[in-house]
Amino acid sequence: MRERTLFLSAIVAIVLVALGFVVASQANLMPPAASTRAVEVDQLFRVLLGVSTVIFFLVEGALVFAVLRFRKRAGDDKDGPPIHGNASLEILWTLIPTAIVVVIGVYSFQVLMSIENPGRSPRIVEIIGRQFAWNFRYPDQDLATSELHLPVGQPVVFQITSEDVIHSFWVPAFRGKRDATPGQVSEMAITPREIGVFPVRCAELCGAGHSIMTSQVVVESQDAFDSWLAQQQALANDPGQLFLTAGCGGCHTLAVTGNTGVVGPPLDGLAARAGERGPGEDAAHYIEKSILEPDGFIVPGFQPGLMPKDFGQRLTPQQIQALVAFLLAQP
Amino acid sequence: MSQQAVAHAENYRAGQALGVDHRKVGMWLFIASEVMFFGGLIATYLHYKYTLGFPEASRLDIVAVGVNTTILLTSSLAVVMGLSSIRAGKAGRMSVFLLLTILLGLTFLTGQVLEFSHLYGEGVTLTGSVFGSSFFTLTGFHGLHVLAGVVWALIVLVLGLRRAFSAERNMGVEVFGLYWHFVDIVWIMLFTLIYLIP
Amino acid sequence: MQAPSAHPARRWPLYLGVFLILILLTVIEIMVAGSGLTPPTLGIILLALSFSKAGLVAAFYMHLRDDHRLYTAIFVLPVLLLMVFAVLSVLI
Amino acid sequence: MTTYPATGTWRRYFSWNTDHKVIGVQYIVTSFVFFILAGMLAMLMRAQLRAPGSELLNAETYNQVMTNHGSLMIFLWILPVVAGFGNYLIPLMIGARDMAFPRLNALSYWLIPPAGLIMLASFFVGGAEAGWTAYVPLSIGGPPGQTLWAVSIMILGISAIMGAINFVTTVLTMRAPGMTFGRLPLFVWGMMATSLLVLSATPVLTAGLVLIALDRVVGTQFFTVASGGDPILWQNLFWFYSHPAVYIMILPAMGIVSEIFPVFARKPIFGYRMIALSSMAIAVLGLTVWAHHMFASGMDPRLRVPYMVSSMVIAVPTGIKIFSWLATIWYGKLRLSTPMLFALGFISMFLIGGLTGIFLAAIPVDLHVTDTYFVVAHLHFVLFGGSVSAVYAGLYYWFPKITGRMYDERTGRVHFVANFVGTNLAYLPMFAAGLMGMPRRVADYDPSFTSYNQMATLGGLILALSTLPFLYNVILSWARGPKAAANPWSALTLEWQTSSPPPTENFAEIPVVTTDPYAYGEESTMTGEPAAAPAAG
């Protein structure tokens, strides 16, 4: 009898472990692992999945077996045996879970230490969340972009913050997530390992636009990345392009860029007029001031409050100077 | 019935299994929850004190508040003397001590009002800074507890004058005392955490 | 285990003594705060003083000293929890 | 001092009544009404999410619906319904005539309907949109409804604290002769653990809500980032309550199934002491894990590891309970009536919630799945597959005691099957959606998640429909079901040793307890009035 029980439980144990192993190794529940960190996280995930599978089928199996095997037979109105407990059994199912938990805890800690180690000379990328968009800055190049590009295989540290409420920067393919909290900068280290385009999502409820606060990260070869960077810098410093990318053309008329907006005053020949607007203020200063604080002077016939007031953040000082010079040069 | 069961049966009549009075247990449990309520406010104050440094705290007048503290401590003495009076069957003396408690409580509140108006004069306001918000909220909630205690003391006083308590029946006074002493203890901690520790 | 109300009349010297100690401790606190001690030591001393004051009130005025242990447990456990919570909230 | 209108008149349920049984029913029925409302909000969300690009609700409305769904389900359904069971059962189970503070008890109930109305009123003044977590600064800038939301939850917190004081005092001071702590029914142990958590955690949330309300109404600076306010501080205060809240909601549920298994397996509970101890262990540990909700926030990284450890350790006492329940039904004579079916369903579904909890405790995995549909699935398996299943089990189990009538077994089984299928169909796909990258609290999603959401919506529909047979069953059975015996399940706990429904003040004479409440298969030797039921039925 005793041997038989042991034999049966051995069989059950082997079957369960095999099952757990199969599920853990075969299950494909995660998006592509596009960062080195993702590989380690997925490994941990598979281990947890295997352990849980064993426990799951052990308990559910016992449950189903008990329901089938021990259900009351018709006409049998006697009680079950008065078993109140079994010390060794209770100690067993206290110690084994404890052991499992300790192992999982240690392993998780190792993975945590490893994934949060930034690696040698990581590139810094600043990530700014605002309702409801992600903006990016490459401080080394002093370059602000609306797209996130990363060179494959190069360690990067994201410095994440927010301008309004809490957002959470999440690239599922990287497995990393970090809240963008106003008033503080939190870091997340990543090393992309796969070339491709992966979605970026906001994971913390941030208001009505929460579900549309998405972007994408482009992981590309070093060369492609460098040329992209160069191109972005060129755009940033070519005022004509800047005039378009910053969105000025949407509201202002300017012949050379072919814009015909009428929301704001026309900007052709601005140099001539700009001088007389502010008392004792030359044209250059007037134009710069009008970009930074649009409601400072309202051209007669136009409404205040229409032009965004955050160009000071959106554009670098150099870009603003470039714009001013560009506008002054327009006949 | 086992011997222990008999004991239980007798306690039960008085509603006192474990030999403890349910009103007292209830009061202590309420105090426990109050500890955690002030805990939330104190944790907030300390968090900001640690992160922001609270330079404005130098504006606080330690000595004046120290005097106010001793007033509250004295009121606690009055309460406990009142309790021991009624336990000795001296209802009249208890009423005197309760009256004293009420007066001391009101004095403390007056002191707090003076302190607040002084700080407002200095430009430290509830909405002016994180320090103002944390300070006035924490001390203000303590003040509200003192106010509630004064009202409760009035009720106990009136009941006492109506001969509601005696050397045997005085749980109403004791339970009120527990509350009052707890409010006193909260102030003892606030005095150190807000005023003394830089 | 109930609070002994046997000789209540004789308890007032005890209460008065406790009161005097409380006042004394308060004075000491203010003097310590005034002394030029540095924050870590200063904080520890001041906390020790205030906790002893709170302890005196709880033990004698709230009768925890000679009342049922249950009451002490109900009071002390949340205080400990509060201390843990406060420390972790400061560090968070 | 305490008033008892004539029993049997339905009017007493709408009056200021201090009978703990009346108050218990008031709690249960009121909270079930809010359960239905919150369920309708859930159906609105599932309808919106049935397909990507749906325009049934605009984003603001969706956020309001989502916020109120969560807040109603937690603060006005599970917490009060559990308090309702506690009110009805604790005095009966410990052999007392009523609660320690009957008028306080009535007051703590009568705070709930107004609080619920205040929360619903938020819909009409620009509703609360910041989720039940109300993270600052979003909840500071939000529309006026957010203030009503905060006030409502403050009131509910005060009500819960008063209830907890009542429960603990009652259990400590009003146990019948011989009802030692070693003989306390496990549901009472669960309520004790829960009440201690309510007492130590709820006041902290109340304090935090005061800060939010002051910031919104008076203009204080607590959470104004520009002047140094720290958004993480609110998360700290909030989760110090809201993680223990999960145990507040699950411990009594565990107590309910611990009552049901011995009765329907006709066997003593296995390892009584360990189950009672594990409830207390979960309560204590539950107070030390709150910041595991903040692993992805800006909190000090060094603090995360201890929270990970304590969160994982909770798996141990939880496991002890599950294994003890399995051992209880092992070698038993299982009677698969509706309460037993729901109790078995509780284990099978709570297990999924518990196991996925370990994934969430492991920080590296958590940083991927937190704030995604993985979390939504996890918490619904714990709170719906877990707590709600147990509540249904308890409602069926004590229905004859409460109403004096028997429910219809066949309809009950239909309800169970629909509920079981619906729960798994609704929530299992959400795990996959979260792992694949679907954030939670979104009014719209990437088309790649469509199939998961269609399954979830179908499951939700089944869940909604599954409440119909339940309502049909309880309403008709209460009105004209067959009369129930005093002890239809031939159970041994004290509440079954008096008539169904019990008379005012419960027992003609206070019983004297001389045996433990799960002595099945033995000579039961309970004296007192009326005599104990035969151990076997």
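Order of writing sets the labels: A, B, C and D. Residues in every chain begin at 1.
Just so we're on the same page, contacts are C-beta pairs under 8 Å (C-beta built on N, C-alpha and C of every residue); 3 or more make two chains touch, one makes a residue touch a chain.
Bear in mind the structure is a predicted one, so any value in this text is a computation, not a measurement.
Steps from chain A to chain B, minimised over paths through touching chains, total 2. The greatest centre-to-centre distance from chain C, using averaged C-alpha positions, is reached by A. Central chain by Cα centroid: D, whose mean Cα position is closest to the mean of all protein Cα atoms. By the count of C-beta pairs in contact, the leading chain pair is A-D. For this pair, chain C with chain D, the centres built from the Cα atoms lie 38 Å apart. Chain centres here are Cα means. That of chain B falls 13 Å from that of chain C. The mean-CA centres of chain A and chain D are about 34 angstrom from one another, to the nearest whole unit. Note on chain placement: the centre of chain B and the centre of chain D lie 34 Å apart, centres being C-alpha means. Taken residue by residue, chain D touches two or more other chains at 172, 199-200, 204, 229-230, 232-233, 236-237, 240, whereas all remaining positions touch fewer. Contacts with at least two other chains are made by residues 70, 77-78, 81, 85, 89, 92 of chain C. All chain pairs that touch, listed by label, are A-D, B-C, B-D, C-D. For chain B in complex with chain D, the residues that touch the partner chain are 1-2, 4-9, 12, 15-18, 20-22, 25-26, 29-30, 32-41, 43-44, 47-48, 51-52, 126-130, 132-134, 137, 141.
Partner chain C is touched in their complex by these residues of chain B: 18-21, 24-25, 28-29, 31-33, 35-36, 38-39, 42-44, 46-47, 50, 62-63, 66, 69-70, 73-74, 76-77, 79-81, 84-85, 87-88, 167, 174, 177-178, 181-182, 184-185, 188-189, 191-192, 195-198.
Interface residues of chain D facing chain B in the complex, by the touch rule stated above, are 100-101, 104, 161, 164-166, 168-170, 172-179, 199-208, 210-211, 214, 218-222, 224, 227-230, 233, 236-237, 240, 510, 512-514, 527.
Across the complex, chain D is touched by residues 29-31, 40-41, 44-45, 48, 52, 55-56, 59-60, 62-63, 66-67, 70-73, 76-86, 89-90, 93-94, 97-98, 101, 104-105, 108-109, 111-112, 115-116, 164-166, 168, 170, 172-173, 175-179, 181-184, 186, 199, 201-212, 214 of chain A. Put simply, chain C touches chain D in their complex at residues 70, 77-78, 81, 84-85, 88-89, 91-92.
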